[in-house]
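These are the structures in question, set out in turn.
Below, subunit A partners subunit B and then partners subunit C, in two separate complexes.
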Partner chain A sequence: MNALTNRSKTVERKPMTFWEKIYLPAIAKGMSITFSHIFKKKPTINYPEQTRPFSPVFRGLQVLNRDEEGRERCTACGLCAVACPAEAITMEAAERLPGEENLYREEKYAAKYEINMLRCIFCGLCEEACPKDAVYLSETFATANYNRQSFIYGKKDMLIPHPKLQPEEYERAKGLRVNPK
Partner chain B sequence: MHEMFLIIDWAIAIEKLVLIAVIVSLSLVVAMYETYAERKIAAFIQDRRGPSRAGPFGILQPLADGLKLFMKEEIVPNLSNKFLFVIGPGLAMLTAMMTSAVVPWSSHLHAFGRDIDLQIADVNIGILYIFGVVSMGVYGVMIGGWASNNKFSLLAAIRGASQIISYELAMGLSLIALLMLSGSLSLRTIVEQQQDGWYYVFYQPLGFLIFLVCAFAECNRTPFDLSEAESELNFGYHQEYSSMKLGFYLFAEYVNMFISSAVMATIFFGGYDIPFVNDANFGAQHGQNLLATLQGLSLFIKVVIFIFFFIWVRWTIPRFRYDQLMNLGWKGLIPLALLNMLVTGFVILLKQNNWHF
Partner chain C sequence: MAEEKKLFKVTIDNITIEVEPGTSILNAARKIGGDVAPPAMCYYTKLKGSGGKCRTCLVEVAAGSTADPRPMPKLVASCRTNVMDGMIVKNITSEKVIDARNGVVEFLLINHPLDCPICDQAGECSLQDLSYEHGKEATRYEFKRRTFEKHDMGPFIQLHMTRCILCYRCVFAADQLTDKREHGILDRGDHSEIATYIQKSLDHDFIGNIIDVCPVGALTDRTFRFKNRVWFLKPEDAHRDCPKCNGKVTLWYRGDEVFRVTARKDQWGEVQDWICNECRFEKKKTADWVIEGPTKISRHSVISANHYVGMEVPKETLPDVMGGRKPKLLMNIHSVSEVNRPGIDLSKIEGPAHSTDFVEAKNGS
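Here is the complex of A and B:
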């Protein structure tokens, strides 16, 4: 039978010579290899203290955005939910009442906005579909949890901190990509 | 009539008791940090960092490990032989510690108006004593494996026993050639004979090599750790053990490693002799106490080098297959040791005859 590729090698099954049989040369060779590894640079990154930078196209957890005055941008149009291939997004709309102009940018807003992080595939189509730049994917990822219910993220989990009232948290939530140091 | 009473020299009794306490705790501490060194060196060889969380550079890791072992639930299997099950790890630990009694750790200190030998007992059959105690070490493995009432453990115990018995032969034979040179079984005498810097390893390189291989086998270290082969026997003779009983078995292995390193350094590498230094002159110039300290340090450094070698080999060489192990022991090392013995005997006779046939 012909070999499938020209790279095949026949295995030699000659009995070992005396030099091979006493193992020592092979052992010395192996030990020199392992010894040289002691001084090699370690590729390890000490995780909680050091983190590897995310790639520029990394897609993490969704964040609900606010505008410069701290008003929620989402108008509950539902385009993200339509675009979502995993059907992870549900929302309920409500009308903005007089006196709530400092809270919501548009006349209609999302009273409830939920993303099931177990269904989400982090494809970023919601971010692309949004006409109001209200949802975008951040640089964090979903933390481990004990029950499935806690993976349904609501507005309180995803809404970005207020840019004026909590500027530090806001900067942190924006991540390094928006504001590279 | 008061000569009839047994007169105890209290000074020497206290001296020896203190020495025993120091050496036992020293070997335990060294064994603790051997586990740390093992994990650290293994990590470096595999391009990792190793334990680094407990204390600076992970230096408290052995304490954390020990605490963990103490906290674990102590499980004794229902169908095991309870008495033997408990005595197994104790025996392993006991035999590991007992060997240290005849090793000379340094020359002598001069304190409290008397010379204090830094050796627990200068037995004139020191090497025979070591062989006797080391071969008792196999009972720890065997009793543990038998009392567990588990087929894997039993297989491991049988493997371990036959391995240790096979390699003890080659070990003994390799030392006979050396004993023909030294003419003494006392370890202190052997060390004193090497004070001129001509260590016995230069006279007996083959004997040393055989002894080294056998020491690996006696300590159950890779490549000879067949009695605890994880992949074949799910952990071997200590599979049923938990908590500090398991800890004793694991610890005994490290104590064994320390002691056998000390024995190898003593027999083949001049023991507490400081290399490239005339010890007697140094002692006369700088005082005996400083000399004894430096000598102890010198032995310790030699031991540390051996321990590093043990660990380095473990993370390089894969385990032998059982038939390869027996082939190496019976068909490789024993004939070599016999040859070494014959050649040494021939040369000694020739020398006694002033190099005439």
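Here is the complex of A and C:
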């Protein structure tokens, strides 16, 4: 029978020689490879004490951004939701009342904004679609949990801390890409 | 038998068509259809006297007629120029036309606020489509854009004068559909604005049609304001027995809620039948209507995004292998989610939702 490709290798089925049959040289050879690794550089790190820098294109949990004055940028335009291939994003919009100008940047804002992290595939299309620079994928991982309820992220989970009232938390939330150490 | 009318032969973008004398170039091109039809922001077939204002439908006439085959010296507005026998028109095949159209779009956008993320018209806006095809990525305009305060024109209609491109469609509609026009254009030139005389409420049964007629988001439905985006809604054709109009409308659904009612639009974005205010603003229950079926939406429209047409739902195999038992529901999304809560209908709130509506809703649930 002709092989489909010329890259396939035929398996050798020769009977083992005497040296192969006694096994011990092969074990010694394997152990020498194992022990030689003791003197090589460690590729792993001690995780909680040490951290690796995130890649500049890392896509973690979404954050909802605020502007310099701390007003929410999101206007509930729905472009992230329509771009979302997993259909994870839902929102409800409301009109800004007089007196709420310091809370919301535009006259319309997202009263409710939810991302179902069970559905989210962290593709970053929401960030790309956003015309208001409101959604960013941060340098945080999705946390693990035993129940599903905690994976419905609302505005209180995603909104970035206020830049003026909580400047330290705000800087930390922006991550290392923005403030390299 | 009456003498047969002589038909005019006209060639638009190398496609020849025979039309009746007195047809405008725009309508002849629309008969051919497709890309040949020039875009129109101010012309409206059903409104007499409309057209000739926005200049987006400019075309080049390469030969005036068989009798006088000289080309027209300038580009002409196709909605206001009638065809002649043997006329040769160039629309998308002419670089001059494309260039002029790009310029017109840039002019239309000079004062337009580009607040599409907020605007309720986004997704079905003629200016949005036009600037997507012809617009530049950035503006060259360095001065302050003209701004106006927004008006409530009656309880149902919101006027954002800042977004207006002064196409006069709503003025013609108010003039021709209602017996007394209460809004018109004040001032001249750069200062001109649509206004009701001293904030008069427009209370005519057919005044809601000015919302459909508006090519941009200057006139929007207050009962739908900020409720949802059009591309999350599913349009369904429906009708009802209405004593005032013929009651043929499009209902815009999200789930079981009717978020808004509009007149049916044809492929050129023009209203097929005018509908009355009662149908438009007050009948927002499925029980009021006889549903005819989903509205046909162009695949290129954002409204058709995420609408699965002709989808085959795969057979649920779990009950079979589990002896008829249904899979256990591990989480009901409504137990956690605060969006789209059952029992709270955003569409029932009068006007746009505010932060207070959500506080009440929380206490109520």
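We adopt the following convention: the second predicted complex is superposed on the first by the 145 of 181 C-alpha atoms of A that agree within 3 Å, B and C clash if a C-alpha of one lies under 4 Å from a C-alpha of the other, contacts with A are read in each partner's own complex, and residues count from 1 in each chain.
Here is the rule we use: a residue touches a chain if its C-beta (ideal position, glycine included) is under 8 Å from a C-beta of that chain, and two chains touch if they have at least 3 such contacts.
On a predicted model such as this, the values are computed, not experimentally measured, just so you know.
Participant: Per the contact definition in the header, classify A:I22: touching subunit B only (first), subunit C only (second), both, or neither.
Facilitator: After superposition on chain A, A:I22 lies in contact with subunit B alone.
Participant: Per the overlay, which chain contacts more subunit A residues, subunit B or subunit C?
Facilitator: For subunit A, the partner with the higher number of touched residues is C.
Participant: When the two structures are overlaid on chain A, which partner does A:M31 contact: first (subunit B), second (subunit C), both, or neither?
Facilitator: Touch partner of A:M31: subunit B, not subunit C.
Participant: Taking the superposition on A as described, I'd like to know which of subunit B and subunit C A:K108 touches: first, second, both or neither.
Facilitator: A:K108 sits against subunit C, while subunit B stays out of touch.
Participant: Considering only the touch criterion stated at the top, classify A:R148 as touching first (subunit B), second (subunit C), both, or neither.
Facilitator: After superposing on A, A:R148 lies in contact with subunit C but is clear of subunit B.
Participant: Which partner chains sit in contact with A:P53 here, subunit B, subunit C, both or neither? Use first/second/both/neither.
Facilitator: In the superposition, A:P53 contacts neither subunit B nor subunit C.
Participant: Quick one: is A:P167 in contact with subunit B, with subunit C, with both, or with neither? Answer first, second, both or neither.
Facilitator: neither
Participant: Quick check on my understanding: which residues of subunit A belong to both its subunit B contact set and its subunit C contact set?
Facilitator: In subunit A, no position sits in both the subunit B and subunit C interfaces.
Participant: So in the complex, which bits of subunit A are touching subunit B?
Facilitator: Within the complex, subunit A touches subunit B at residues 22-23, 27, 30-31, 33-35, 37-38, 40, 42-44, 46.
Participant: What residues on subunit A touch subunit C, complex-wise?
Facilitator: It comes out as residues 75-79, 81-82, 87, 90-95, 97, 100, 106-108, 111-114, 116, 131-132, 147-149, 152, 154.
Participant: Provide the residue numbers of subunit C that touch subunit A in the complex, in ascending order.
Facilitator: Spelled out, the residues of subunit C in touch with subunit A are 115-118, 122, 225-229, 231-232, 302, 305-306, 330-331, 333, 335-340, 346, 351-358.
Participant: Spell out the part of subunit B that touches subunit A in their complex, as residue ranges.
Facilitator: Within the complex, subunit B touches subunit A at residues 41, 44-49, 52, 312-313, 315-317, 328, 332.
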